[in-house]
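Each of the two complexes below includes chain A, the first together with chain B, the second together with chain C.
What follows is the complex of A and B.
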């Protein structure tokens, strides 16, 4: 009985806050916010917004950086998959990529900033030998006005995400058969993949691609670390207005949030139009019979691009490690003169609370999400329900920009006298944790041979016993992995933690991002590393627990 | 064989399985229609090409039919109506192409899984069952380390220990190699008739039907 309600509870938990948040952003944008005395509808906020200096530039930055990031990330992934032939090199690259997904955005952003900044590792490594620089050059590389650093940072994070999404979707297409068939018709392997596998793959990864577009047009934490400052991206500007001591700015901020929604929608629409154009144009290309033109470029380009991305991300983390233990470090020395654990020792006592908050929020959100998602999937399995049409509702929180509804959510909560607090942070994290948990678990759940549970029933096991004794053990490994993904997602959340906690639930992520403008690189490095370390512990446990538990059960490797 | 089985009937309270005016349809089109009685210890063989509804029939009898299908008719075990009961209350055992031994449990764990919950002497029953099929002392083994034939025998004993009142066989010998196949047929059918259980066998293989010795129905 309760089980039948599970899908509705899950959708409610995701959609109700989203709708409430959007409503409480849209109403103030048009002047209605009774708490602050706004009881009539008008367009004052919009007029104030349009008069902001640099607004058009902010909009343009958000829009273009989102689209370019998505295009570059997707191209890198597709070229690599087309070039990838399952050799040891390709498998090695893939294995390097997956852990990158676990590293929070902010940690990657800091790592990248420390690499490319004028006094960063790259400049040090080539100076003064190649450049002749004896002191850091006066260049604006990080926070550049074009947003190039921001886009690079986003690409580093979105490539692993899209690659894993593709790898998860590929098996159901039988790519080897398609490629073999096309090759027997004389196509080179890379072109065979592009012409016979990719057109079938794209529809399966469309939703994750849209999520990337939405995320990249509205990201806050990465844009605060890597993005332009005068003016910043639209999302960062909005955050500034909301935090303005002048409460009347709230109206303009709300208008800004609605504008952000529009910018993201415009980017999604542009992407969709692009899809249609590519589809039209490629119809001819798919069947023009060209069998190998461009093949070598793909083979080289695919591997080089993905390897570069991966190495850059790994160097970024490596750079964080060096900075976190650096003592005296003169420019342009490639490495610090002395190493010290001072920074770690200095900061550890003060991060106990943020660390505990990070873990408690992450575990609570993951646990709630896991119960809801498993109950939903179990309900679907028991009643032979096909993939539900309402499933896209689950992905709404990943498509709607965070800045566009989280402020409204705070207002909505306050209007029913719920102050920002730990429980609200958990509820907000749930919005982003649950979709990822569902995304990573549902395939394993559906792929599990239904005969396992049927055998259990035929042996007299009740549905509950069959679930506990058969389905749960068989799905333990994918379930733990899905939980580790969720935990990583929760740990990386900046805006929901900051807003719904009202600044009183500090986590490692909020602390690290708060230090971005302060500029003590060594302390930032320690915090960013701590932030990256937690998800790794989660993933390691998710890998180790099933191995230890089933160490004497050979077939528990690869049963699902 | 039936006479032999009937001797056990009194002692084991075996019953007959009655598939009464069954009609299964999909999107309004009849997929299969069947009306038959399976006596205790008898094996009814159902044959037919793929797509003739054999697996649908099994799913209906076992209680796993997808709601996409419409089923009319009833299923009785003597006087008790089964088709309205959930799968786990029907007492209908299943044997698949694959042994389907739970990979996370030991051989003994698999056998205990089938035993009714509150009975005494579980350990002894498991030991005896393994001895009966020549696998004495295999309790602690990982099912993955057993040969295909050994796994098939464990699966059969797990089924019998769960004290089913009727049995469904879904091409249970099709994945065994030829030598083993004959041996398993003899073992399965002799055990079923000894227990006096009504059984329904779905197969492609005429040799299975011959070995089963019961009536044969062709579908499709």
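What follows is the complex of A and C.
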């Protein structure tokens, strides 16, 4: 009975705040914001928006960088999986990738910027010896007008995410059996994977891929560090208008937020059309019988690309580690002149409360989301419900610019006299955590072979017992992975924590973002490393627990 | 995957229902009596036991440490628990107050005190988001010598009217690396010549960042014939003629900037990093002690020194304001008053602690109190007060807004 309520509770938990948040974006976009004296509806904000210098470039940047990032990240992951054979090398690369998920986006961006900028690590290592440069060359690499640096940074973060999603979904497809069968028909291993496993895998990771498209078109923090500046991406421009001291600019900012929603939806639509095209075009390729053409390219390309991505990300983190203990570091020295623990000593005494808050909020939000999502999915599975269209609602919190949407949430909470507090922060996090948990888990859940549970029923097990003893254990790996992703999402939230918590619930992320605004790279590095600590533990547990639980059942281990 | 019309309709009807019901739920509490700063004893009494949420930019470890020190002091002296809500941007606090006002929370707001100045102050004042007047009745306010110090009565030419209490004074300074620059420029035309000879070695933060705004405003004041017009609200018909020299200057300067003016650092922190990486050799800051502080933080080489232009540099003050709906106004007033005390101001000015300049007028202090300031070592890269030259006032915000807009139109494509 309670189970039947679950989908409604989940939708209620998400839709009511969503609606309140969206309303406070849409109304001001059309001139209505009584607190600033806007009491009539008109299109002034839109006119002001269209006249912004560089608006079209901003839109184009957000749209293209989102699509290109997703395409490149997905290709890298797919090529690697096609090429990987479970050798020690492949396993090693996989293990290196997953901790990268734990590193906050902004930290990766800072790290990458410091690697590739003309005064960065790469140039320092070869200067002045190879280049003769005593001063950094005046080259526009980071903040380039095309957004290449931004896309590179996004790829570094999205590849681990997509890889983890694939690894969580793969075991239930029995990829080894498919590949073995195809190989017995004479296909080379890589082609066998691409033709027999990937077409079955893609539907399972489709929602996460859409999430990547949505995220990459609307990302703020990475775009501020790596993206173009004249003009910046649409989302960065919008944040600037919202933060403008001139409060009247919020009308235009709200219109911009609605526009951002449109840009993201357009990118998603484009991706969907692309899917349909690929489906048509590849039908012939799948059955053309070619057994090994392109096999070597895949074998080399897949490993090289993923290794490069991983090494870049690890070097970026390495740069952060060096900075966290660096004294002054003059160009072109390869290492800082002096090392010091000052930066750590300055930060560590004050991080206990923020760390505890981060953990308690993250765990609470993840737990609530997990119960709601699993109950919803279980309900759907038991009653054989089709995929409902309303699941698209789940994406809204991920694509509406937070700064616009949260204003409405604060108004809503204040209107019903809910004061800023821990529970409100958890509720706000739930809004962003539940969608990720849902999209990470739902396909794996839905596509679990129903015969397992049927067998359990035929042996006399009650639905509850079948759920606990059969379905849950079979889904342990994807469930834990989804929880780890959710925990990381919760830990990364800045504005919801600050605005809904009214500053009463400082977390490691509110500390880190506030510090990042001061631009001291050494302290930023310390906080970024601390910020990565909790999600890192989460991902490690998600990978280790199934291995320990199923240490005697090789086929259950799934990931790694 | 467009959302179907049906669900959009559902969103709207749900929201409308929510809004109506919440509007009915929201009722105004009977207005509580606000503390009266002229009866200071009762303010102090009311403040005891309050928790004051001070919303202040948290991007600088030394500032945070100083605020932590203040929290210990007010706890020991007044029994106030002071909590620093660390912000990435002041507008986040403004958003919170705005949302509370929208929702009708007029008495139990969550922001008790906010570190603010200039455009943010003007916006909050214009939109009736501030409590007051209160600041001119604080016991320590006379120490700023308000009768002879316009800077504590006008914030960017906007009358303060007792809505914010002075906290810190700051002035734009340039800093340069003596290892890379032999002789620093002394005015804007010399800066242009220097940039032409050293292409790529100077830049300023992207407008409308406040330091970027300050740079173009400084150029405007230096290059303009008669600057009085900039201290009045801007009249649209004056804008083109008054700013023509500025654009001519910037058009000439930009090709010689870092990355040839095709990208700009986003804020003063980015600018400082470029300096630390030797990408540029001259930068600017809104804090006279930035260079010394950054050397102590290992961010800049110890060969960096500060300088100012001959005609003086833009300066201003930053303040404490109390939102109109703050829950703990008495506590906030007591903290704001303590922040103006000679003891707290001297501690703040010590570069070992933070190095932010005092707002107090030395002649208003006792000899003992003055001694607190005389013994401060300002650090190697900080100019002593007498070398800072004339302080140029901030023009009216309408000019700065219009300048920032025009800059965007010219240089963003």
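Here are some notes:
Everything below uses one rule, namely that the second predicted complex is superposed on the first by the 369 of 560 C-alpha atoms of A that agree within 3 Å, B and C clash if a C-alpha of one lies under 4 Å from a C-alpha of the other, contacts with A are read in each partner's own complex, and residues count from 1 in each chain.
Note that in this section a contact is a pair of C-beta atoms (placed from the backbone, for glycine too) under 8 Å apart; a residue touches a chain by one contact, two chains touch by 3 or more.
Keep in mind that this is a model prediction, so the values were computed, not measured.
With both complexes placed on chain A, chain A has more residues touched by C than by the other of chain B and chain C.
Look at A:463: by the touch rule set out above, it reaches chain B but stays clear of chain C.
Judged by the touch definition given at the top, the superposed model places A:420 against chain C, while chain B stays out of reach. Look at A:95: by the touch rule set out above, it reaches neither chain B nor chain C. Contacts of A:135 after superposition on the shared chain: chain C is touched, whereas chain B is not.
By the document's definition of touching, of the two partners only chain B reaches A:550; chain C does not. Once chain A of one complex is fitted onto chain A of the other, the partner contacts of A:280 are absent, as it touches neither chain B nor chain C. In the superposition on chain A, contact of A:393 is made with chain C only, not with chain B.
Contacts from chain B toward chain A in the complex involve residues 62-64, 66-68, 86-88, 91-94, 96, 98, 100, 102-104, 113-114, 116, 142-145, 158-159, 162, 164, 168. Of all residues in chain C, those touching chain A in their complex are 1-4, 7, 11-12, 14-15, 18-19, 22-23, 25-26, 53, 55, 57-61, 65, 68, 83, 85-89, 91-92, 94-96, 98-105, 108, 110-111, 118-120, 122-123, 126-127, 199-200, 206, 208, 258-260, 262-264, 266-270, 272-274, 276-279, 295, 297-302, 401, 408-409, 411-413. Against chain B, in their complex, chain A makes its touches with residues 383-384, 450-452, 454-463, 466, 469-470, 473-474, 550, 552-556, 559. Those residues of chain A that touch chain C in the shared complex are 15-16, 18-20, 22-23, 33-36, 52-54, 57, 117-119, 135-136, 138-140, 143-145, 210, 224, 228-231, 240, 242-247, 265, 268-269, 272, 326-331, 338, 340, 342, 346-347, 350, 389-390, 392-393, 403, 407, 410-417, 419-420, 494-495, 498-499, 502-504, 506, 510-511, 513-523.
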